[in-house]
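Pasting the structures in now, so scroll down.
Both complexes below contain chain A, partnered by chain B and then by chain C.
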Partner chain A sequence: MSRKITIKAFKYNPLSKISKPHFNTYELEETSGMTLFVALNQIRENFDPDLSFDFVCRAGICGSCAMLVNGKPQLACRTLTKDYEDGVIELMPLPVFKLIKDLSVNTGEWMAAMNSRVESWIHTTKVTDISKQEEKVDPELAQKTFELDRCIECGICVAACGTAIMRNDFIGAVGLNRIARFRVDPLDERTDEDFYELVGDDSGIFGCMSLLGCEDQCPKHLPLQNQIAFIRRKMASVK
Partner chain B sequence: MNIIYSDALIIGGGLAGLRSAVATAEKGNKTIVLSMCPVRRSHSAAAQGGMQASLGNSKMSEGDNEDVHFADTVKGSDWGCDQEVARMFCQTAPKAIRELASWGVPWTRITKGDRSAIINAQKTTITESEEVHGLIHSRDFGGTKKWRTCYTADATGHTMLFGVANRCAQLGVDIRDRKEAIALIHKDGRCYGAIVRDLITGELDAFVARATMIATGGYGRIYKHTTNAVICEGIGAAIALETGVAQLGNMEAVQFHPTPIVPSGILLTEGCRGDGGILRDVDGHRFMPDYEPEKKELASRDVVSRRIMEHIRKGKGVKSPYGEHVWLDISILGREHIEKNLRDVQEICQIFNGIDPADTELDENGIGKGWAPILPMQHYSMGGIKTKPTGESPTLKGLFSSGEAACWDMHGFNRLGGNSVAETVVAGMIVGDYMADFCLENEIDIDTKFIQSFVDKENDYITKLINSDGKYNIFEIKNKMKDIMWEHVAIFRTGEGLEKAVKELEELYKESLNIKISNKERFGNPELEEAYRVPKMLKLALCVAKGALDRTESRGAHYREDYPKRDDANWLKRTLASWKDGDTMPTLTYEPLDIMKMEMPPAFRGYGAKGNIIEHADSAKRQKEVDETKERLKAEGKGRYEIQDALMHYELQPKFKAPNQRVGVGNE
Partner chain C sequence: MEARIEGFLGKSVEGKKSRLPACQDKAQSLTGLILAAFMVCHMLFTGSIVFGKRAFEGVVSFAEPFGMTWITNFIAFVILVIFMVHAFLGMRKFPANYRAYQAFKAHKIRFGHLDTTLWWFQFITGFLLFFTASAHIITIIFSEPITANLSIARFANLHLFYLLLLIVTVTHASIGTYRLIMKWYSIEGSKKDEMIEKRAKIKKINFIIWGALFAFSVIADIVWLAK
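Right after this comes the complex of A and B.
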């Protein structure tokens, strides 16, 4: 059975001299299995060719499409319209990140800064000869590393975080998770002292207020609070 | 006008572009990477199943090596590939994966002892030795003799992409996202960079470089049903075509994947079948063994896709509001396996279709509650920018291409699962390294006035589009193109349908030059973006459709119902497409593949219909030569490397050509 749904989308172009923040309302026919990806594209093609939003994979894999859906940060491509009983869905861009236009925010820039701050690469003194057999890695450690490597940098944990909203230099759960990831990786030779240099302050590990927003919303179900608590214990014992 | 200079300009920040950037940066070249989206969001992130590399570590891959990988790849390509490139690729793939491991890609590793696996729907026990504990694991994929596909659960592309992006960050590669290349700068047969539009501000800049690479991925979005990300529109290939100098190769070779989920088109990885998942029809019957008794669900993709469609045409499809489909059943693998190794697949099924694929219960009609509805859809572009084995365009100097955007040509008319992400990083190493040398050896000898003329041309074009007040709506044109491609240029093709498609697409192309734009902004204007992209996409669509119409044979993924045989006598050649300014149709020419130079002359693939080949006289002749040479050299006690070299010598940088070490056999 099909019904009409109402989508209210935030519209604003900060680079334009005449644009003012407002909501536009669109009514459309719901189809079975409709996601916000499908709905927003229909709106663009049929009602408002000016509406900006970001999708890449439309499959919940790339992390492009996070936005506030009735106030909650989540991946729009994975959001089914049928889950909204009254058929009214309000869309806003993610907070914290720089607004590009309408529902599109610059997570890329933010994440690039985060990656350079945590030096998001393997630190090693070993030189690999790629024609030789690879170094062995304990299968369980490889699996553990993989579990934390699954973050897609969608920014939802940041948008759901009280600290991140208050202080713009906070590294966020995504950054702390990245530290945790390299910490368990047996190939990375950094010590806790080295990690402390990167995040041992209030804009890093000690900024977290343990409100749990990050973990509750993370679409990859990463064990963020556990990891943060663990790193905090480790970092606290460094000094 | 802003001119941004670099040594290496890489357009596209997926696996291929980023790995190439590592290669150019490592040799000291100032390297800029451009991408439409933050690079870690590139389409490469979506690859689930894995990457082929003949490590030969695990029990089921014992005995694997470059030779076996090469044979699989050539057969997979239906003899349409460049065998020298396939050799370069197979030799380098193990090195690529070992390099990625050292950069932190957390490959799934082998655990010693017993584990159970599903092989041919039977539970089997596999025992791994102490010696291989902790080495990189691999799973089974279609069209391969050994279990060769290395993986990180079902998030392989994601972990690879992050690994390579991390390496770029470490090397200080200058990555700029939300930048779209919309034209190439070229003069007298040499490429000097690109005109680039900032997707936030709408500004146009000239990026000028000693060498330019296009690594912009595939063009799946010219089809209505595709597994591809929304940015896979082929703009990179199109701007190369629009130079009128660079050529595209084998554009009609388009792959359809057997198991995207219906209706969203999100892919359920080939790893599902590789790990033992099976296909079922409306009666719950497993039908693949009826068609392909030997390889069953694991025949190559073109074959499985056609068999599914054939079975549906026989009335065995499941009816649904979205048309007919069949079922993919992975519930037989067991919940534990699914929740560890196919977790993303499980999530996709749950979120988009509300089913749990691990559910083994049957409903009252005998249909599994966990079975996923699937239907073949467009998946991969074998065609792309034609390159030499070095990755450089043979006709436009200084233009390189790698990854799915390129027709480097190791895939021919059908690529094997797991060979694509492997290609991206391998090509990144090899082509990236050749490009690095090109940068060291060549100056930028072009004046700014000339660059200005290119910027002006694109600026005028954008202005003209904004002011256009024609008849047609660009979104409608785009959707019509997608429908035509799906209707007539998909899995089964006929002369009649293709003829119609070519005519209608040409008409649409003309309409796309006469559109009306309602939004008059120069930036933050999605309609404008469609307006300049869609005509480019239509050019590609025409290359695909016209190429398919003229190729009166069936090879790999290109299947003509009116010409069901592979015709080596007439069609063992590569299609080359170019586009003359002002034309509404591509110009096609052909480049023959020389059987007498092949290490593996054309033969039966080992799956699909037998006796379906119109043979070329040289095949038997060359086969005889090959057999004799092999025998003679073996008798002389020569090793496999020497024999290979005698059959078909190929050039490759020494660091990549070095023998690969393997457990138990050393360098042999």
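Right after this comes the complex of A and C.
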């Protein structure tokens, strides 16, 4: 049985002098298995060609479609409209990140700053000789590294974080997870002291207030509570 | 000299990042833990009135052996110092300005996420405790030796204040001990669902314990009033 659903989408163009922040309401016919990706494209096609939002992969892989769905940050392409019983869905752009227009935000700029802050690359003194076979890595450690490397930088953990919302210099779960990922990586030679230089302050690990919005919302189910507590213990014991 | 340099750069003289944030974070947790533990003992002590004046005075004389009544005043003083350190460190987490306050509040309302909302309660109660708890502790520092009758008189005078203090303190402390676990203990599990389930269990146990202590204290309060 199909039903009518109501989508209220936030609209605002910060670059326009006449644009005022407001919600636009659209009514559509729900189709089976309808995701917000489908719904938003229908809106753009049939009602409002001017509505801005981002999708790339439509499969929860690229991390570009995160938005607030009834206040909760989540991936729009993985959100089924049928999960909303009353059929009313309110969409807002992610907070913290720079608003481009309507539902579209610039997470890239924020993530680039985060990545450069935590120096998100392998630090090694070894020079790779590509004519030789690669060095072997302990499979268990490799597995752990891959596990934490699954982050898609969707920004959901940041938008779900009360600390990040209050202080714009906070590195967020995504940044702390990055630290955990390089710390476990056997190829990275950085010590805890080196990591302390990057996140050993109140905009890093000690700023985290364990509100756990990140843990509850991460679409990749990364063990964020677990890793952040671990990094906190490690950073707190650096001499 | 070093303090001047570190305050200017946020780095130690060796050019390393200051270790102070780590110390502050640990101190905030540790002082909070001590205060929570103290609060549990306090609730059990004052609650002993439920078993009669004799029981209460027995507890008092156990805590103040050989009639050394100054022990209570001294402990109250130590607690005040710990409380002030904790308040000072806790303040770092407060919204830094009205904009931050507004942003968090709106986020809390939109998000409807329990752990986030709990922090809001902790912030509000923490703020109230600056005044209410210090008033109470300072009274005890300068108080006469404790007897059941004196306590009854004191309580009867200000019972609404004590009830408010109890609610505010238990709210703050119960959320605090839960957060303490979340901050320092890594919840393990092979699947995310399992971890979230374990967390829910820890949360439940934590709040049941505090809830029971709170109920006990309220009963004790009624008994105090009836005496």
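By definition in this document, the second predicted complex is superposed on the first by the 238 of 239 C-alpha atoms of A that agree within 3 Å, B and C clash if a C-alpha of one lies under 4 Å from a C-alpha of the other, contacts with A are read in each partner's own complex, and residues count from 1 in each chain.
Just so it is clear, a contact is a pair of C-beta atoms (placed from the backbone, for glycine too) under 8 Å apart; a residue touches a chain by one contact, two chains touch by 3 or more.
Nothing here was measured: the structure is a model prediction, and the numbers come from that model.
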Practice problem: Record, for the superposition on chain A, whether partners chain B and chain C clash or fit. | Solution: fit
Quiz prompt | More chain A residues in contact [chain B versus chain C] | solution = B
Exercise. In degrees, to the nearest 10, note the angle that opens at the C-alpha centre of chain A toward the centres of chain B and chain C.
Key: 160
Practice problem: Report for A:Asp54: first if it touches chain B alone, second if chain C alone, otherwise both or neither. | Solution: first
Quiz item: What is the contact status of A:Ser2 with respect to chain B (first) and chain C (second): first, second, both, or neither?
Solution: neither
Practice problem: Could you say whether A:Val137 touches chain B, chain C, both of them, or neither, answering first, second, both or neither? | Solution: first
Quiz prompt | Which of chain B and chain C A:Gly63 touches, first, second, both or neither | solution = first
Quiz prompt | Touching partner for A:Thr125 - first (chain B), second (chain C), both, neither | solution = neither
Quiz item: With the two complexes overlaid on chain A, what is the closest approach of chain B to chain C, counting only CA atoms, in Å?
Solution: 10
Practice problem: Residue by residue on chain A, keep only those touching chain B in one complex and chain C in the other, then list them. | Solution: none
Self-check item: Complex contact set, residues of chain A against chain B
Solution: 13, 15-16, 32-33, 35, 44-45, 49-52, 54-64, 78, 80, 100-102, 106-108, 111-112, 115-116, 119-122, 124, 126, 128, 130-139, 142-143, 145-146, 149-150, 152-153, 182, 185, 187-188
Practice problem: Quick one: which bits of chain A touch chain C in the complex? Just the residue numbers, please. | Solution: 68, 71-72, 92, 95, 160, 162, 165-167, 193, 196-197, 200-202, 206, 208-213, 215-216, 221-223, 225-227, 229-230, 232-233, 235-236, 238
Practice problem: Report the residues of chain C in contact with chain A in the complex, numbered from low to high. | Solution: 10, 16-19, 21-22, 24-26, 92-93, 95-96, 100, 103-104, 107-113, 115-116, 119, 179, 182-189, 191-192, 195-196, 199
Self-check item: chain A partner contacts - residues on chain B that touch it in the complex
Solution: 37-38, 40-43, 45-46, 55, 94-99, 101-104, 106-111, 133-136, 152-153, 155, 158-159, 162, 165-167, 169-170, 175, 177-178, 200-201, 229-231, 263-264, 266-267, 321, 344, 347-348, 351-353, 475, 479, 518-519, 521, 523-527, 530, 658-663
